[in-house]
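So, here come the structures, one by one.
There are two complexes below, and they share subunit A, which is joined by subunit B in the first and by subunit C in the second.
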Partner chain A sequence: MIELTHVSKCYGKESILNDLSAMIEKGKLTACVGPNGAGKTTLLEMISRLNRTDSGEIYINGGEVNEWNSGNLAKTLSILKQSNQFTMRLTIKELVSFGRFPYTKGKLNEYCHEVIERSLVQVGLLEQADQYIDTLSGGQLQRALIAMVLAQDTEYILLDEPLNNLDIKYSIQLMKIIRELVDVFGKTIITVIHDINFASAYADNLIAMKDGKLFASGPVNEIINAETIQSLFDTEVEVIERKGKKVILYY
Partner chain B sequence: MKKILFTGFLLISILLSLMVGVMFIPINHLFAPDETEKLLILTLRLPRTVSLLIAGAALSVSGLLMQQITQNKFVSPTTAGTMASARLGIILAMVFFGQQSLLHKTLFAFVFSIIGTILFAHFLKTIQLKQSMMIPLVGLMFGNVIGAFGTFIAYQFDLIQNATSWLQGDLSLISSENYGLIYITLPLMLMIYLFSHYFSVLNLGKQQVTGLGVSFEQIEMIGIMIVAIASAGVLLTVGNIPFIGLIIPNVLSLKSGDHFRKLLFPTAYSGAVFLIWCDIFSRIIVHPYEVPVSLTVGVIGTILFLFLLLKGERA
Partner chain C sequence: MTKNRLVYRKVLIMGGIMIVLMFLYMTIGSRGNWSYIVSLRGKKIVALILVSICSTVATIVFHTISQNRILTPTIIGMDTLYIFFQTIVLFSLSHFHAIAQNKYWNFFLSGMAMMLFSLVLYGLFFKLYPGRIYLLLMTGLILGTCLRSLTTFLQVLMEPNEFLLLQSRLFASFNRVEVGLVGISIGIVIPTILYIFLHRRSLDVLHLGRAQAIALGLGVDRFNLKLFIMISLLTAVSTALVGPVMFLGFLGANVSYKIFETYEHSILFLGGCFFTISFVLLGQMMIEHVFHFQTTLSVVLEFVGGSYFLYVLLKEREVIK
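Presenting the complex of A and B:
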């Protein structure tokens, strides 16, 4: 379980996160939603210690994040940042093997190869494993990166807008992979999602943020209603139900 | 099979380098030399060949490491101000401590090349250059500014001839008396090998690397120190050999990609062999005279560099 208590962060005078407290349930897919500049990415960075908190504590499995040894943290929690651009030519397999670094510091043992292959199978890139990443489409690259995070084999996975630049087909494909990781492999995944409908359709829990503050949090069904979404995004919406899923219409 | 071929080619290159020069030593004499030949081999040809092998490998690997740290294919000790800074350090050491003090020259070269490279790396972080091609050009300018500063000081203290000779990569003056410093690059190359997995993951960029539990800054700093000291070590013995750190890794990566550790040995090997052949060529083209090896490398390097730039432009 990840627990955030009174977390705050400022850049100069600008407050990015303001006294945010939340719980992230184990074995669930939690989607972090909210308008631009709400502090969603910063929140992910704080949990993964890429960015320090100004005040407040973040507990991962009971230990405060800053107390964690960085090697152990890398075996417990992985993060995939948004917009990964590569100037260097690597093969998919080389990229994915970087995920094993926290365990073997680069040397790959038999178990590593097993995990790498399994990760490639999960994202459907096993056959293209020796292809260079500069030849891949946006969707393939994103799946390759997900495979790298999978190879890191951590209990918690943080994804910062994984659907960015993906068309509907690849977005759905990726969300299904993420869903499977939670349902079949018992991972705890926290992802920032821009499209509220994807969050509604695939996530278990929502953390809604606005202006650096927690706006609402809880199971999807409790959070998604016209009133909450309307004031979260300052936009008129209508919520309808289809096949047991709530769909938000905003135009 | 491949290994035998590559080792064989290396041995042939070494033997040829021992044979060729003003006085030709036939291959059967190499193993049973007379007095003169023995003297020639031990004091000149062998130190020269060892220097070529080490300098070629060290400069190429330094270039590869620098490209890995900056994630830019066109950065090398020549195009990041490292060489120019080391030269400035040598000139200052000569001004303050006289021309003979090798210890001071060495220390100053090390310190200045480290500072210069860190400055350039910091500079790269502060300004975000849109085109990756701009980075080596800015680096060349940076190096030229430092170089001009060094030349100015050298003029003031009547050291210009001496300072210019440092800049020119030339092995005709190498002898068993003065080449020892080149060995300092060997432990540095070993360090690069030991840290190679850490350098490899730098491809992922700062944040993603941090997520793997690696301190990006620490690895970056270790890399810069190694490159700077190795380049200064080569500059102090062999002189400046431009472009080799740039073209060798780039040509190799065309075929085998950019995985740092996988490129490490091929880069060291190709750099060493390339430099030996350039030097052999330099020794026979105007026989019995010779041209500086930096000239040969410079000509071949410039052509390849332009080719790579244009190719990069198209991609």
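Presenting the complex of A and C:
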């Protein structure tokens, strides 16, 4: 379980996160939604110790994030960032192999190769494994990065807008992979999603954020209703139900 | 697999070329006069190898940390500090003074000055602004410029004789290397290189960028601090040994990226060092047998390295277009 208590962060005078407390349930897919600039990415960065909190604590499996040994945390929690640039040429397989670094410090053993191959199969890139990443399309690169996170094989996985650059087919495929990781492999996944409908269709829980504050949190079905979504995004929406899933119409 | 085998073969070929050149360098025109040749050229060859290794490894590590392949460690002002130190010693003490006269003292003190400088600068920096490498480089650049201006100022005020002495000392030269200094340098360089080589896989991870490296459990800030100190150590040794060589490491690093086309530091270090050593040996042979000591090795190194630097710059510009 991940527990956030009174987390705040400022950049200069601008407050990014303001006294945010939340719980992230184990073994569930939690989607983090909210308008641009709500502090979602910052929140994910803090949970994954890429960014420090100004005040407040974040507990991962009972241990405060800054007290965790960084190497051990890398075996417990992985993150896919929003923007990724590479200065060197490497193949998909080499990129994915980096996911095993926390375990073997770079020396790959039999088991590593197994995990790497499994991750590549999961995102559908096994055949292109020896292709260089600078020749990939945005969607392929995104999937390669996800395979790297999968290879890290951690209990918690944080994804910052994993659907970036993916078309509908791969978006759905990825959401299904994520669902499978939660349902079959018992992972706990927190993901920032911009498309509220994807969140509604696939997530278990929602954390809605606005202006650095927690707007609402809880199971998807309780949060998603026209009123909440409207005031969250300041946009008029209509919520309809179809096959037991709520769909938000906003145009 | 095939790709890996190809890379290993390239490294082996490079190593072979290096060994042939070493052999040639030691034997060309020796006329069987071994004891003389070994003592004269052996000393030089060790210094050449040391400087090549120092500058190549330091530059590759520097490129990885800064994620930029055009920079050289000179940007943090190590050799400027060396020049400043030499200038101020000759300026304030006369050239009869122990520090100016005694090579060991000079080596020791200038090395210490460079280390102290980098320890204070980086120690402070990584505490205050973790992760802001470019701000650090900028500060180094500005401090370096400041030191250079001060140096020029002092040199203008200097007595002409002392200025000449200084100038001859500041040109990189492999002909006046002290045997004793080589021994001390080896003692410093080997543990440093060993540390860097043992952490080659963590260096590979740094290629992915700071955030990704932290996410994979690498203590990036501490690691960077250590690496920066080692870069200064290597640069300090190489500078104190033969004087400032600016583009040698740049050439070695960039050519090895080009030849070996890999991100793996193990290969880059090995291949890069093989290349740089071969290149320096070739240069030295040309100096000795073609130019008959009419010019110095540093001129050749800086000319070729500098030309390559310009070439890389122009090519980068085309990519941006």
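Here, the second predicted complex is superposed on the first by the 250 of 251 C-alpha atoms of A that agree within 3 Å, B and C clash if a C-alpha of one lies under 4 Å from a C-alpha of the other, contacts with A are read in each partner's own complex, and residues count from 1 in each chain.
The working rule: a residue touches a chain if its C-beta (ideal position, glycine included) is under 8 Å from a C-beta of that chain, and two chains touch if they have at least 3 such contacts.
Predicted model only: the values in this text are computed from it and were never measured.
Model built by superposing both complexes on subunit A: subunit B and subunit C clash.
In the superposition on chain A, A:36 makes contact with neither subunit B nor subunit C.
Applying the stated contact rule after C-alpha superposition, one finds that A:78 touches each of subunit B and subunit C. Using the contact criterion defined above for the overlaid structures, shared-chain residue A:48 touches subunit B and also reaches subunit C. Within subunit A, the residues touched by subunit B in the first complex and by subunit C in the second are 45, 48-50, 70-75, 78-79, 81, 84, 86-90, 94, 98-99, 101-102, 105-107, 152. Subunit B contributes residues 68, 71-73, 132, 196-198, 200-201, 203-205, 207-208, 210-215, 253, 257-259, 261-262 to its touches with subunit A in the complex. By the touch criterion given at the top, residues 45, 48-50, 70-75, 78-81, 84, 86-91, 94-95, 98-99, 101-102, 105-107, 132, 152 of subunit A touch subunit B in their complex. Subunit A makes touch with subunit C in their complex at residues 45, 48-50, 70-75, 78-79, 81, 84-90, 94, 98-99, 101-102, 105-107, 130, 152.
By the touch rule above, subunit C contacts subunit A in their complex via residues 3, 67-69, 200-202, 204-205, 207-209, 211-212, 214-219, 261, 263.
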